[in-house]
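In structure tokens below, several structures.
In what follows, chain A forms one complex with chain B and a second complex with chain C.
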Partner chain A sequence: MDKSAAVSALFLKAQQIFDNASRLSLLSFPSERPRDFALFLCEVCKRLQDLILQGHFNEVDERLVTMTTIFLVDEVAPMVRFIEGASSDNTPANLVLPLEKIGEATIAGAKFIVRRQWHYNYAAVELRSVLEPPLLRLPAKAEWQHVLDKLPSHLYAISFPYLEKDNAPLHVSLAHEIGHHVAQRYLAEEDGTEILDELHADIAQKITTEDAVQRAEEVGRGVTRANRLRQAALVELLSDAVSAHVFGPAALFALYEISSLSESMDKISADMHPPWHLRIWHMLEVLHELDFINKQSLTLTSWPQGLPPSVDQVKPTIDEWLGNLRVIVSERKDLAEIEKHVPSTCAYASVRKKLPDIRKFAAANCPKPAYEQSHFREEVPKLLERLYMGLPPNQVEHSLTKTQDVRLASILGSAWLYKLTCLASVFERDPKQYVEQVHTLHRLILKAIELCEVKTQYRESERKQREGGRGVTE
Partner chain B sequence: MALLSKAHIYRWLNKELAKRLVITPILDPKEQIHEGSVDVRLGTTFILTQKTEFPQMDPTEKEEKLKKGIQKYQFRVSKRLHEKFILHPQQLVLGATLEYLAFPPGLGGYVLSRSSWGRLGLVIATATFVNPGFKGCLTLELLNLGEVPLVLYPGIRVAQLVLHSVVGKPGTHKSRYRFPTEPEFSRIYEDNELTFWGEQPSAP
Partner chain C sequence: MSLSPTIPDLYRYGILASRAIGVLSKSRNQPISEEEKEVLGESQELVRKMIRGEQFLFGSKLNEMAKIRPEDVEAFTFVLSSDAQVKNRAAKKGDLRVYFEHIVSTLESAIAPVGPPDPEAIQIARDFFARFADSLIEMAKEKRRRAAPGERRLGVPA
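Right, the complex of A and B next:
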């Protein structure tokens, strides 16, 4: 392709992305983030076209033109789907703002786009780091820097599986994705050389191949693999700990539900994720440290007295559910799988040494105030009572004028306890009724979250009015 | 049925949870609770109609066909707080109350337009009766009978609930709309008898 044809192709691709992003920016969104991002992509495309029209691409190497077109097609165009997937229709809209707030409280300066994806997975991707380097390689670097300044320091697209859109309790898993950034920060603070030296020494000791060259190769490959396994395990386990700090026991229930879709609970996955059994065991450790669950007896640590019968039966049922995890805690089949190979044995030996550290790191870096056992004990039973009565668990009402606001973690915690107790028995009786009740639970939870958000904003407006400023509802 | 006074409304709102009239949240009790009524607010989700693929609404058609037809005819739109929703003259839109309601068996009610909005041409409900025992957000049939477009916002007080106590022993209410939290599409197709009243298939 001659250069002018390549530049024309680049111009056309920029126009196509502009058209799509511009059209999608008109959708309804639960927050401003997706629209802001759509308009940012539009600006990138328009700027690129302006530079072409001004002749900036006449002088550049043809390879840069081609690489920019490939960058648009392979990297920027797929980002347009994040905008579409983040529309109010495609998300559990009421949950989006509170999740954004959790993320922003965890990572200073970061913004989040919560979006659906068809792939069955919860995931997070940072968009600025993908966009910035190629854009700064283009002509008029200072102008591109000015355009990029409009993006937050970190912009994450966090994705949930679309199949689960109407399963609000499972979206607790999005806190794990927010935790990935905390985990990356932990890894960045580690002394990489020291870790590689330790892994090298450990692996060299365990590999007994006689041929020196072959042995050196095996050790080298082993260190590379062990390092990757170690990092992947630390990221997942630390992110789980963040999730437990944010959502308490709900994090365990969500983790277990997702793990049950896995082919194996004991093996390291193909993408190097640690065995589910290890993650569940570790989650129990964290929840034990936070005093939500007693890991010896595998029971909820405490439950208030004098509750209505419907709510009173919840603790024994949940304790029974937790008791079923005993096999995970006691047998630890995952350890046998890990120890089948030298790199995984060494990687996980290193991970084990770091577990107390990562739990401390998660505690220090999760949003404050953290969710505590006292909140769970005080709020969740009362919210459960509301769910059993077909009411959204949005607040505790002592009387009309005396109401108590509740935390998002308590709303989702009550949803999980309801799901694991009431709904489990419904499924045994009538699967159709089970589906209907799951949908009802989802609706009530989202309504509760919406009402909490409305109330918070309304109270904030009243406070500002009292202080003489303009309220948000004016 | 007897109309509830303000004092009686407060009494029902303050009963123990199992027997309470639940209207949650009441953001501003002083502004919202009056003699005989409680103001309720507009919710965030709306159902609009699109006519291009739907030839007519015949409620006597077979359930599956009618259900699909209604889904083609109506679609949902969500608005955030402080976002405009513009209702044009003669436009019918389904909305819902922001508040979630739970009526005890001993109370029923009517949902009515607030007169200040009515004078601007806004009608908020045609099917106005609320059954004792109802739980959920009430679907509002918003219709602009005025001559200029009306700008609505989620959270504004558009309707009022007039409450009545039930005389005699209350029965159990069973609704076809279970715990709605948004406006609900019509389920007219669940009226079993409708097919009888519709056109009969001609004899072979």
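Right, the complex of A and C next:
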């Protein structure tokens, strides 16, 4: 294709993205972020078209037109799906605002788009870091900077599997995705030179090739691969730790449910995620340190005495569920898988040394106040009682007039204990009953979260009114 | 261990290298704008990354080196794997380092000229960025060929 035809094709692609983003901006969303992002994409496309019309692409090398077109088609255009997937029809809207709040408490200046994806997994991508480096290298840098100023300092698209839209307890996993940002900060603070030296020394001694160039290439690829495996493992394990700080034992239950659908529990995945066995083992370590779970006996710690009969079946069921993890904890088949290749052996040797460090970092950087064992012990049994009565678990009632607010983590924690207890007896009954129980649970959980959110907003507006009133009087 | 060469910031460097070629292709009497000088400055930093990566993988005194980041090693490994000329020069001891440093100083004289430009030096630098940009375009196309699992056609193995 000659250059002017390629520039016209680029102009058309920008128009197509503009049309789609503009149309989707009219959908209904649970928060303002997706619409803001749709309008931002429209502006990116318009600015690119303006630059083309002003002749900025006339004198450039044709490779710039090719690269810009590929960037537009392969990176910018797919972002339109984040807008569509974030609409009120496609998200558990009651969960979006509280999750955004957790994220914003963790990452100063960050905003979130929670959206469904067809792929069965939870995922996070920071959109500014994808868009900014290429856009600022295009002609007219100052104008691009002006466009980018309209984006938050960090904008995360956090995805959940569409299939699980009506399975609120599983969305605990979204806290792990928020933890990715904390993990990236940890990596940025590391001494890259020291790590590379360590990996280089390890890998160079295991590569036997004699030809100097071939050897350098193999060592370079090995170090790169090991470094990426190392970083991916630290990011996942640290994000799991953040999730445990935010949601307590519910983080483990959600992690296990997702892992059970993976192709392998022992292997490093194709996208370099660490083996699920390692992640579950590490999550148990974190929950043990936080005093939620005893890792020796594999039981929930400090369950309150004298529970009502509707709830007393839950603890033995959950302890039995946790007991089944003993195989994972004791066998650790993942270790043999890791040792099969040189880069993974070196990467995970380095990861193991850092585990206490990343747990400390997660504790210091998770949203405050963190969820503690005492909150779980005080709130969860009472919320479970409400669930067994078919009531939303939104508060603890001490008397008709005295109620106590509860934490989001306790709501979701009680949901998990209820769900796992239902699941444990599923084969004794009609499986349809389990489906019905999970659907009812989902509705009760969303209602509880909505009621808590309404209460918070009401109190916030009351506080503002009081402060406003005082200001006028003064 | 079969790994395709990769580089972080594919689009950033792809766009940057393509623009550097355009600036280096300007005729002697066309002035270079401040923004274009910035493009050349950043391209210089990219080659410096490759120099640090080369020192890391070929040098023997690691502790005497400047701070090195993983992206330095990735950038050098990428260019070593994808550019046959770079590979040939790497086989001759010291030749590759001279080549990279020559490109850095060519870019320096384009940013702040002290005398008439050396057309041969500019051609060498331009050719290097052209091969680099072509490899990145190829890599971007390769990335597209490996379609996301969510987009996989039903019933067709990945």
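FYI, the second predicted complex is superposed on the first by the 403 of 474 C-alpha atoms of A that agree within 3 Å, B and C clash if a C-alpha of one lies under 4 Å from a C-alpha of the other, contacts with A are read in each partner's own complex, and residues count from 1 in each chain.
In this text, a residue touches a chain if its C-beta (ideal position, glycine included) is under 8 Å from a C-beta of that chain, and two chains touch if they have at least 3 such contacts.
What you see is a predicted model, and the numbers here were worked out from it, not measured in a lab.
In the superposed pair of complexes, A:V342 makes contact with chain C only, with no contact to chain B.
When the two complexes are overlaid on their common chain A, residue A:T440 makes contact with chain B while staying clear of chain C. Between chain B and chain C, more residues of chain A are touched by C. Contacts of A:K455 after superposition: chain B is touched, whereas chain C is not reached.
By the document's definition of touching, of the two partners only chain C reaches A:L138; chain B does not.
Within the superposed three-chain model, A:T401 lies in touch with chain B and out of touch with chain C [touch as defined at top].
Within chain A, no residue touches chain B in one complex and chain C in the other. Residues 1, 3, 5-6, 9, 11-12, 14-19, 21-22, 25, 35, 38-39, 42, 53, 56-58, 62, 65, 67-70, 73-74, 76-77, 80-81, 87, 90-91, 130, 133-134, 136-137, 140-141, 143-144, 148-150 of chain C are the ones that touch chain A when the two sit in their complex.
Chain B meets chain A in the complex at residues 10, 13-14, 17-18, 20, 22, 24-27, 29, 44, 76-82, 98, 100, 102, 135, 137, 155, 178-182. Listed in rising order, the residues of chain A touching chain C in the complex are 59-61, 63-64, 66-68, 70-71, 74-75, 117-119, 133-134, 137-142, 192-193, 195-197, 200, 212-213, 216-225, 227, 341-343. Interface of chain A with chain B (complex): residues 28, 30-31, 88-89, 93, 308, 385-386, 389-392, 394-395, 397, 399-401, 403, 436, 440, 443-444, 446-447, 450-451, 453-455, 457-458, 472-473.
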